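The block underneath contains the structure these notes are about, expressed in structure tokens.
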Amino acid sequence: MAIRTAADYLEDVKKLKPKVFLNGKRVDDLLSHPVTKSVVETTARVYELTTDQDFKKLLTARSHLTSELISRNNHACRSIEDLENRMEMTLRIAQEIGTCNYRCVACDAISSLSCTTYEMDRELGTSYHGRFNEYLKWAQGEDLALSAAMTDPKGDRAKRPHEQEDPDMYLRVVEKRSDGIVVRGAKLNQSGAIAVNETIVLPGRAMSEKDRDYAVSFAVPNGSPGMTYIAQYTPFTAERILAEDTLELGNPKYGVRETSLVVFDNVFIPWERVFMCGEAEYAGRAVARFAKMHRMTCGGGCKAGFADLIIGGAQTAAEYLGIEKVPHIQEKIVDMVRIRETVYACAIAAAIKGKEEVPGSGFYFPDDMFGNIAKLNVALGFWEIMELAGDIAGGILVTMPSEKELKNPETSEYVKKFLKAKVPAEKRMRITKFLQNWTAGLHGVGTWHGAGSTVTQRIAVGRLVDLEAKKRMAQRLAGLLEK
Amino acid sequence: MAIRTAADYLEDVKKLKPKVFLNGKRVDDLLSHPVTKSVVETTARVYELTTDQDFKKLLTARSHLTSELISRNNHACRSIEDLENRMEMTLRIAQEIGTCNYRCVACDAISSLSCTTYEMDRELGTSYHGRFNEYLKWAQGEDLALSAAMTDPKGDRAKRPHEQEDPDMYLRVVEKRSDGIVVRGAKLNQSGAIAVNETIVLPGRAMSEKDRDYAVSFAVPNGSPGMTYIAQYTPFTAERILAEDTLELGNPKYGVRETSLVVFDNVFIPWERVFMCGEAEYAGRAVARFAKMHRMTCGGGCKAGFADLIIGGAQTAAEYLGIEKVPHIQEKIVDMVRIRETVYACAIAAAIKGKEEVPGSGFYFPDDMFGNIAKLNVALGFWEIMELAGDIAGGILVTMPSEKELKNPETSEYVKKFLKAKVPAEKRMRITKFLQNWTAGLHGVGTWHGAGSTVTQRIAVGRLVDLEAKKRMAQRLAGLLEK
Amino acid sequence: MAIRTAADYLEDVKKLKPKVFLNGKRVDDLLSHPVTKSVVETTARVYELTTDQDFKKLLTARSHLTSELISRNNHACRSIEDLENRMEMTLRIAQEIGTCNYRCVACDAISSLSCTTYEMDRELGTSYHGRFNEYLKWAQGEDLALSAAMTDPKGDRAKRPHEQEDPDMYLRVVEKRSDGIVVRGAKLNQSGAIAVNETIVLPGRAMSEKDRDYAVSFAVPNGSPGMTYIAQYTPFTAERILAEDTLELGNPKYGVRETSLVVFDNVFIPWERVFMCGEAEYAGRAVARFAKMHRMTCGGGCKAGFADLIIGGAQTAAEYLGIEKVPHIQEKIVDMVRIRETVYACAIAAAIKGKEEVPGSGFYFPDDMFGNIAKLNVALGFWEIMELAGDIAGGILVTMPSEKELKNPETSEYVKKFLKAKVPAEKRMRITKFLQNWTAGLHGVGTWHGAGSTVTQRIAVGRLVDLEAKKRMAQRLAGLLEK
Amino acid sequence: MAIRTAADYLEDVKKLKPKVFLNGKRVDDLLSHPVTKSVVETTARVYELTTDQDFKKLLTARSHLTSELISRNNHACRSIEDLENRMEMTLRIAQEIGTCNYRCVACDAISSLSCTTYEMDRELGTSYHGRFNEYLKWAQGEDLALSAAMTDPKGDRAKRPHEQEDPDMYLRVVEKRSDGIVVRGAKLNQSGAIAVNETIVLPGRAMSEKDRDYAVSFAVPNGSPGMTYIAQYTPFTAERILAEDTLELGNPKYGVRETSLVVFDNVFIPWERVFMCGEAEYAGRAVARFAKMHRMTCGGGCKAGFADLIIGGAQTAAEYLGIEKVPHIQEKIVDMVRIRETVYACAIAAAIKGKEEVPGSGFYFPDDMFGNIAKLNVALGFWEIMELAGDIAGGILVTMPSEKELKNPETSEYVKKFLKAKVPAEKRMRITKFLQNWTAGLHGVGTWHGAGSTVTQRIAVGRLVDLEAKKRMAQRLAGLLEK
């Protein structure tokens, strides 16, 4: 039962009762609300792919804990090959769903916590690693859908957690009991927690000794007492709510990345689910390991997959309009491919040049420089891809009437007549809507900030580069060094 | 009565009965539907500004036909100073409304038709100019709200109008009668026609002799028999429809640029409203003159005004978060300003270096090179501004819950607590929503394609540059010429 | 005698005996040394243009002191029209000489000192303005060639002038005598001082009260006792020294911008030539006014002229190779034109929006924002132009044999055969050499740092922008302000 | 004897007597002329590195022909590991010499010819492969220095080889004899042929059947009868000629990449050295395989090494000036690193994703897409690196006096005083000169055109991308495909 089907997952979803609010109203049923449903459909599709003939080799792995065949979504990376497969799976899944794989963040958190709990136990004599392994064994065995949460509200950006006026601006332990801990705070920008079995929580940043109450990591079941999910609301949410048929939408079935503000209002976590509690100096390491992984997967692989969809959509639009042979159109396609392949190459290099972290742990992480570079390139490049695709599809990207008009007897003939090109209006409208989602919506900003905004990568690059070595090389050639 | 108030205009609007469809349904009343209402509110605001103490000097002018004080929105440019004021007004209005001044396209069409009808009469002995002047005198005298329509559906991009399989892919004259003409076709991407008194129609491109039926220009009252307006439908339309309070939205009162596909299904136009009919070679000139004006106004002034709003919003967001002194944030503000000022400088140069077109006509047009350069710079730069502002405001730009949650007793306290920064959550949410509209929506693509996509400007630049002169300079210095 | 001929100037040059060192050797005669000769030839050409039928209207002006017709090179700007002509002359001269007009810096210094001495006298009761006017009257009347010097050596960049370990890191007054002052220090990057009649010295930065000894400005005759000129030495210097015929070189007659390190080793300056001496707070103003002017002229006009030469050269090369109709080549030409026209538009806007500075002074300065924007755009754009032109001319730009081979009987036939294209080898080699000078040499760095490196412009932009106004606009629309 | 020392190579050089012309004069002795000497010194250094403890593992390999340990410079790639090492060696050597490894082109030609001769023999029954292997065995065994030549003069770019007016515009076979062939033509931009033992010649482009005389490949000893080498002449050539001490120069010992126009005036080539002769359809394959390899090595690895030197030089300069902590300086360093790592990541991906070409041949080539992407990124990025480094070092990069002044008693003290910063003037001058070579010279254009100008890579990218697959993905998600 280690690999579940989409149907298995959908059975689970029926039992989930998270307290979700969206657009000011409670969502009673995840499957009835069109927006939360898109999250469920996406996750179901990821389960489906895992058992699909073409994907299952890539999307499964042997557990290092049980040797059982498990979903790679719940697998910790144990080799270079794991890193390659981990990255490749983000690419392939992105191509299939065109939105967030809501299990992806947790997957990278699993590697981070596996390694960091191992390290804590070895260095501090704690017993987090065994505890985490038990938890993971269970999650792998049941093939649970997991999500993870990182970003704290942060309040005044100039102050550290313990300095904030409101001490809850970072999620923290407010009580330690014999049977567990009580946590309070919130996590922002959280992807997919509403529709998974469990959410893993990591600290949102490095912590100093004084911030030790904020150095906390744990797993929590969906909809635990005290948890409230306040969903994002964007124009795309509204559009999905108003749609009569999902085919009116840019990504009909899977939609955009849906997140929520997850509130923890005195949530109790039993000790067996606590993986860090007060070990301040390990908070930053857990974050850094997660980021190292996620900049390769989310920054590199996933966005290369998105780029494939945009390129494919733009080429389709060009052919529908009969302009695919025009030199400047071809130039623009090549430019998009250049960016896509650059990002992908950086992600490959990150995987291939990965190595074991914490010697003896057996856990592998990507090369940090190349992961950061992948993310930097995609942050800059994705806006350029949007610009190029937006050029090709034309102004109609932002001025097109609703596909509902095709069913409206008073306008249908007009729309068919005047929006046809070399193909009927319906086809053109659909590819235009598809590209609208990519070029006139959430993706520019989302790609920029996903896996950390670019300034965090720039800081990492500045820290990782060996300037001393480069200075020596230059000075030697310049005649400034003896040798 | 040559300068009307917003109230006067709103009286007019009550009488307008255009056949508008939006999201598959008929819009019965422009003022009741939240989306069409935003168009009305915007136009009312432009009327209001025209009588505002701070704006009226800029927004009014002396008619060259009657010497009466009129709205500059209905004024043809007769001097360099007019060009400067025309451009400046686009900047100032954009700063006030943050969306399209729906009278702007018609204003530039007035200059184009004034000049082109003068030229036709002089060269062909027609009587279009007098006819157009009569029409314009009336429109100026009544201070009518006018819009203009240009873009044809175009069908197969590789074929000229008369070669299209469906002859209606460009708007055309299907019948000439003693009292007028009958036209058929459609105009795409039309801004604001639904809520103005009249729409002026221009050809959408240069025409060859064989396309002469397509060389047609005229004015038509709102909602004339045979006209149908099929409104654009984007995620932002849906969001406005679903909003309980416009303050939930990014540009609460004025919204995004709303356009429609305007269908002309055998619409009768009396001769006194026909300004071109079969004079193929003048079609291209009318288009070129319009473009010359519009690349300066829409491409230059208006977008500089939008940039001001984005810069102001980003700076506000930075201050709310307490990061406005961080060097890389300041760098990004400076980069946005650099782009804004570049575009504005090009627009100023376009106005200042403008000149009379068709000697003796008295009509002035901007310098074509600088107008095209303004548009090129803003097309490229606007995406960069979006990227920079998106960086500053953070990922919450695309993950924020609805402002409705502030009124929802079950979530209100959580949202207030966790979305506050150095200011209360409400303020932060509002500026975030404001920036979402600019950076995660229609503006990148809209700015790129407005006033023609960049390839049209590039072609113009290639045609305008005097390469022979530059070759001579280079060759002379290189020792390749005697002198 | 207010407008001199090139011959007059050349007569003067014969009398100049500056102590010039170049490549480790004393230059005995400015006209015999090929490098210093290029400076003389360039300056002679500027004199020649001033009396040329096509240029004289632009290159002359009425002195505001004597009403005499004078060279615009020695004229202070007294109106918007003066600013326009000042900028335009930099463009036109750049197109003719393809290198530095060595009188240009002094011209902008004249406006700065005219205004600043006026201001000092009015505010401090000094008599610098009258003194400067006497000096200027003489220089205008004699039509002297003037240069100006600004940049100090600066030593440790983290320290202010008076904090430096070596007090001479900024040029300073070391003694005040009854008849004048003695100055010590040096000026770097000085353009053209070796071959002019006089050099005007300005402070290199704003000064605090403690730096008052460094707040000094004066004029000094070429080769005054204590002055030493240590000339720049680059690969281009060597190439000119080795050339048998200047036609072997990229800019045969006028060469590259030649500068020197000008040392002032206890140089005596009589009081009537001292224009600032200890008025610390005016040092920064003099610098700022100079920069305001120079970013428009050197950053805007001049570099637009250089761009014309590069575009003309690249188009010539493309035609010689038969590739001028290839779409990507045409795209690149258009891109170069876009950058050129952008810079030029900013310079025009700077001139047109200029205004009187120090009310009542009568001296006009360009708009500071647009001048800085012109410079920023050219700094970034010039590298791009180099890239584009380098693409067009091909790898031979950096691999071509010497034109001397065309005269070498052992290689001549080979070179003629194998380097011909659609034109004979000689023509192709010459345009290639011309472009080598622009794309594979000093111009990228030179354009970046000329008139101050970009960080100084960015600081200026950050200071000039009215963020408060933009914040208000944004907040008003976002519903954050009452009105 | 398969790995020779630098001394061995220098012995060889003494025997070489190529007919070299430079700056219009015959070069009698490669070791006496400062420019040709730099080529010899560079090549000697590469020999030296091959026997250096730190490098020898990377720079040697087992011959697939003899299993002997040989220089990797003469090794064909037989595995992914070979590809990785081949790329890595270009990086490491570039860091050490800061100029061209003149054996590099031949190394990539060896892989191309190994594979293509194998393919010809298998498909055509020729015996080129055995012949080439014999030649290669000898070259490997003797550890000869080899160079390769590709680029033909090309004449009129619009015409194919056989259509040219002058049939020698591409190198061709003019006579076939029983003992060999006679070739005529020339190769441009040839790196290093003057100072190696042998030159391998490849066709410069794909050939049609009618161009079959141009489909020729062979090896030729240095200075064979009929060969003339006409050396490039740039400002840097002149500077080296005039230098008294190489420490005055930017890359003192190794200089810039020196090339020549190599003329073949009826050169006889015995059959055992002919590797292609008339097999038109294989010409393009040989070129493509070479390019595939060279875009990874020259475009990726080598330029990453150059970037390291520039970054190291810029950081050194910043520290010398005391500005290394200034935020915008640090930003610029990070930007350079970003570009460097991007290029390097693409090169790694190219190697890792390489595969055997011509099944059964055993010869490995890099992934073509990633190789092309590496080259595209470096072409665009290198100009940006130049801009950034140029910013950091300051205007003095192009205005600095000669280091000779430090020895000139009349200027020495002045230069020491006024060019010191936080370090003595000599150190600052040396790093400035070092950076001048990188930012104000041949590298922008050289990097752009090396391994083919960017348009060739763009064409390759357009050909390699699988648009059909991407269209399917997009259409499936957009609801345009059933599955």
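Each chain carries a letter (A, B, C and D) given by its place in the written order, and its residues are counted from 1.
Here is the rule we go by: contacts are C-beta pairs under 8 Å (C-beta built on N, C-alpha and C of every residue); 3 or more make two chains touch, one makes a residue touch a chain.
The model shown is predicted, which means the values in this text are computed figures rather than measured ones.
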item: Separation of subunit D from subunit B in steps, with touching chains one step apart; value: 1
item: Of B-C and A-C, pair with higher C-beta contact tally; value: B-C
item: Whole-Å separation of chain centres (CA-atom averages), subunit B against subunit C; value: 41
item: Rounded Å distance, subunit A centre to subunit C centre (Cα mean); value: 53
item: Per-residue overlap in subunit B, given as positions that touch at least 2 other chains; value: 328, 331, 458
item: Subunit A residues touching subunit C - in the complex, by the definition given at the top; value: 327-328, 331
item: Complex contact set, residues of subunit A against subunit D; value: 95-98, 247, 250-254, 308-313, 315-316, 319, 330-331, 333-334, 337-338, 341-342, 344-346, 348-350, 352-353, 369-370, 373-374, 376-377, 427, 430-431, 433-434, 458, 461-462, 465, 467, 469-475, 477-480
item: Residues on subunit B engaged by subunit A in the complex (per definition of touch); value: 21-26, 151, 153-158, 166, 168, 186, 188-189, 228, 230-239, 241-242, 244, 259-261, 263, 265, 321-323, 328, 380, 383-384, 386-387, 390-391, 394-402, 404-405, 407-408, 410-411, 414-415, 417-422, 436, 439-442, 444-446, 448-450, 453-455, 458
